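The next part holds the structures, each set out as structure tokens.
Okay, so chain A shows up in both of these, paired with chain B first and chain C after.
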Partner chain A sequence: MLKKISRLLRDHTLFCCIILTVLLILTVITAISLGTAKISFGTVWKIVLHNLFGLFDLEGIKESTKSIVWRIRVPRALLGLAVGASLTLSGISMQAFTKNPLAEPYVLGISSGASSGAVLAMLVGVYLPSGKMMSVALGAFLGSVVSIILVYALARTSGEIAPIRLVLVGVAVSAILRAFTNYLVYTAPAEAAVRQATFWMLGGLSGAEGKDVALPLIVMVISFVLLMIIAMPLNAMMMGDSSAVTLGVNVNLIRKILIFDSALLTSTAVAVSGCIGFVGLVVPHIVRSLVGSDHKKVIPLSLLGGSLLLIWADIAARMIMPPIELPVGIITALFGGPVFLWMIRARKYSFGE
Partner chain B sequence: MLKVKNLSFSVDGTEILHDVSLEVHRGGFVGILGPNGSGKSTLLKNIYKVLKPQKGEIELMGQDLLAMTNREMARLLAVVGQEHESSFDFLVEEVVLMGCQARKRLTEGFDQNDRKDAQEALRQVDMADFSQRSYLSLSGGEKQRVLIARALVQKTDLMILDEPTNHLDIGSQIKTMNLLKNSGKTIVAALHDLSIAAKYCDTIFVLQNGRNVVDGDPKEVITQSMIRQLYDIDVSLFSHDGELYLQYKTD
Partner chain C sequence: MKKSIALLLAVLMCLAMFAGCGKENGGGNDPQKQESTYPQEYVTYMDMKITVNAEPQRVIAANTNTADQLYAMGLGDRIIGVCYKNSLINPKYQAEYDKARIINEKAATLEQLVAEEPDFVYGRSSAFSEKNGTTHDILTSYGISSLSSIEGYKLGADVEDVYTDFEILGKIFNKQDRAAEIINEMKTKISDVENAVKDKEVVKVFVYDATRDDGAYTCGNNFTAKLIRHAGGVNIFEDMEKTWATVSWESVIDANPDVIIINDYGSETLEHKIEVLQSNPALQSITAVKEGNIISVTLCECFASSMTADTVEKFAKAFHPDCFK
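Moving on to the complex of A and B:
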């Protein structure tokens, strides 16, 4: 059975991508219709198609329903799609850069940097030169960029970044930043702010608005195209940097693209949704175990898989103990943590070469 | 075809290659010999652009190799290095097809001809039935043969190999060397086995402590005194039907 699925995915990747895309559309519709107020599939279709293409008459549908669907649930589902895909693509970029299947923004400490930035903005109130208070999203963005630069700079020796150093430096930087964030939260005076900060540190998609969705979607599409263009050199690099050089790959250029791409993806995803761990680790791993490591197959399949996983995790986060919403980061960690451990135990994955 | 002139290379102030010069003619089979740490791999890595020499010139087919892009180089010379490990698995066919990359545009896929080339290369290295197997599941010797097939697919006139017979049993060693000898390509290979070097190479190039101590015809280079100087062991040499035989003394 598993062998058949594996062959189908490997030999008919395009066909499988189309099926997964259909599945993704159905998942988005499901995510929109489920929630505290249940809305039927038919109504969701009508409202979405009406707003997109002017089809259908919306008579008989309450204003509040239209508003819930279009202003709250649609942005949330699309954000889940963009963030799930971005975290997965970011995982693939980092895994290619470090040649280590265990690399991921959460593991390398970049998510911790983002949460430090966000919590700092939220609890302490950091003021910009314009005198306005810095927004949480901007704080997260700056935090993740700072931590990426920090991790890469500290891991760099004589112009080279050794994958093993990168992973170890990531662990250390992550611990320091997390301690800093915890200190801020622990000593913060206002309880409501603490809960908000905690929710953000655990990762979640709630509170998504239409304006939050565009940037992550654009970044996701751009980096998908970028990664597909360099898919062939990426494959060669998986066989080792020296081999890649002899096969004609400009290894330095590809590495620069990967750093830039992973920084952009992680910071935008974390800025809108907080720290959602393990998506970038689990999805590419499952895809690789089915189709091998050819990036031309791994990238599109993982993108779709990451979106599906995160939207379903978010549905679970909403449905497990209504009306309370769990942070989706808890769900992904409960699911992803064991998979991570299984990966380490089941195969001879090791840090370093 | 390949000219290395006065090449020097050092890492953190320690000189690993000192003023090395080497010339390879079209169709030649050049063996690079020397004890462990003599700089064989380093010299080859300087030639195939993984390392950058501090001093010296390298000319490949009349062009300045140091000024070439990796892609231009990969169309002129193919390399079988010593990298065999990876955390990422591919099909054997996928690994061999990587040899076509240098002549493809980035977004261009592999076509039927490329697949035919890959299958033919696998047949040449006796791995025709392995094309749909996982690369990581192969033994060291099988991986080595797949990498040779990948180098064949690059369709270059020059092939550089770093200890190609490592990991191979004696039968596969002979088969591999025969394959290289009959490939019609110009070969430069770092070798450890003196008998094999004597049998297959038409020129032997000896490195010791990063310096070129001697080069020339195998019969002139592989001598009792040279082996004593390089490896600090005694050996009896005799020749029969024009072939060189070695007997190592162990006490």
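Moving on to the complex of A and C:
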């Protein structure tokens, strides 16, 4: 069974991508149709199609129902798509860069940087020039950017970045930033603010708003195109730097692109959804175990797989015990983990095959 | 935070001036009656500005103690749902509260709030989180007015902030008389208590919330500490510049409190918390444990609610029983 799927995915990647895209569209439709508020399938789609194409008359539909569908559920489903894809693409970039199977989107210290930023925004109350208080999301974004710059600057030696240095510097910077966050939390006068900040970092899509969606989607598309352009050099680099250089690959340039791309993807995702674990680590491995390490196949399939996984995890997070929503990271690890373990055992998969 | 308080005060002063004008013009037969005018603007949690355009008719109480405040204001018939039913409220309103529909056992999500079509949501600041997409600004964008109870987000909140909560509710719901009644009752009760205990030596009090990381989770200089002060006591950790923290048992023993107040909430029963204190051999030297001076409060009693003055009285009776014979 698995072998068949594997062969199908490898030999007919384009065809499989189309099928997965159709699945993704169906998944988005399902995600928009489900929620704690009971709204009929017909009503949901009348509202969506009305807003998209001006079809149907919305007379008799309550204003609150329209808000729920168009302003809460649609952004949430699209955000799930963008974040799932972003984390997966970022995971691929970092795994390719470090040639380390344990590399994940947060390897550049992004999660601890984002935590510091979020906690700082929440606890200290940073005021922006506009006179408004800095939001936790913006704090997380700035925190992650600061950590990336730190890691990048410290890992660079004579204009080059060695993968192992990057991992080590990432670990050290993470530790420092985490200590800083803990210091802030322990000395913060107000318990309520601490809880808010840590709760925010748990990761999830529940705060999705329409205006949050455009940027992650754009970043996702740009990164996808960028990664597809460098897919062949990435394949060459998997065989070792010297072989890549012989094949005429500018290894240093490709690495810079990978870091930039991963940083952009992850910090955008973190700013809109906190830190969601596991997706960026596991989806690329699952896809590789099925289709091999050709990046031309791994990249599009992972993008679709990541989106699918996160949207379904989010559906589960809000449907398992309504009206309470579980943190989505629990679901991604609880269901993604066993699948991953099964694949490792069934396929005797090892990284870089 | 200072800015938010200043703004709030400014708004309140403007409103007070309006109210004052109304009284002069109205003159005549009912000089006490104050009519609210709309729209009203307030600055609440995270410095967010909220507007109330008309007297709210469909209200959600997002937390237990804010539900208590609304019931005390006589607004029970306008409450369409509540969240977090995790504490008893003022016994006078408990029967009514028991009948209220629960929207969510925890914080409601944006989808749930919007689906209920409320025109006013009143809760603790934690109910209006960025994470759930339910900040005051976001709710405003859905045409829903919302307000945070002050004690939950203001550092150093005291009973005055509870009065302010009620004053604001009075204006929002055009029930300023009822608000004044509640506030005056509270003020009288608290000043009676303060008078009764004023010549007494201040009693040392330890607030036990739970055991955490092998230490005691307790409050520092927070609202409960203020209530203890009014009742002629002092929280042994009042000097701590934090609202909540885990402290070592050693520091508790060292301070030797005369009375222990247990926060009674959550899945750990009160009996179990008392047992933890009484069975810990290291704590047997503490006066409060030796003499069994252990009392408990519910969440609603130690948050801003209609029971705030009752809580002060309850504390005082435990601290200085001879003053209330």
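Rule of thumb we're sticking to: the second predicted complex is superposed on the first by the 311 of 353 C-alpha atoms of A that agree within 3 Å, B and C clash if a C-alpha of one lies under 4 Å from a C-alpha of the other, contacts with A are read in each partner's own complex, and residues count from 1 in each chain.
Quick note on the criterion: a residue touches a chain if its C-beta (ideal position, glycine included) is under 8 Å from a C-beta of that chain, and two chains touch if they have at least 3 such contacts.
Owing to the predicted nature of the structure, the values given are computational and were not obtained by experimental measurement.
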Check the residue A:225 against both partner chains and state whether it touches chain B (first), chain C (second), both, or neither.
neither
Please work out whether A:67 is in contact with chain B alone, chain C alone, both, or neither, and reply first, second, both or neither.
-> second
_With both complexes overlaid on chain A, does A:14 touch chain B (first), chain C (second), both or neither?_
neither
Item to complete: Determine, under the contact definition given at the top, whether A:52 touches first (chain B), second (chain C), both, or neither.
Response: neither
| said: Which partner chains sit in contact with A:247 here, chain B, chain C, both or neither? Use first/second/both/neither. | reply: first
Task = Go through the superposed model and pick first if A:2 touches only chain B, second if only chain C, both, or neither.
result = neither
Seen from chain B, its contact residues with chain A in the complex are 45, 48-50, 69-75, 77-79, 81, 83, 85-91, 94-95, 98-99, 101-102, 104, 106-107, 109, 134, 154
Chain A contacts chain C in the complex at 35-37, 62, 64-65, 67-68, 71-73, 125, 132-133, 135-137, 187-192, 195-196, 199-200, 202, 204, 206-209, 274, 318, 323-325
Per the touch rule, the chain A residues reaching chain B in their complex are 99-101, 228-230, 232-233, 235-236, 238-243, 245-251, 288, 292-294, 296, 349-350, 353
Contacts from chain C onto chain A in the complex sit at residues 1, 46-47, 103-106, 108-112, 114-117, 124-126, 129-133, 138, 142, 152-153, 155, 241-244
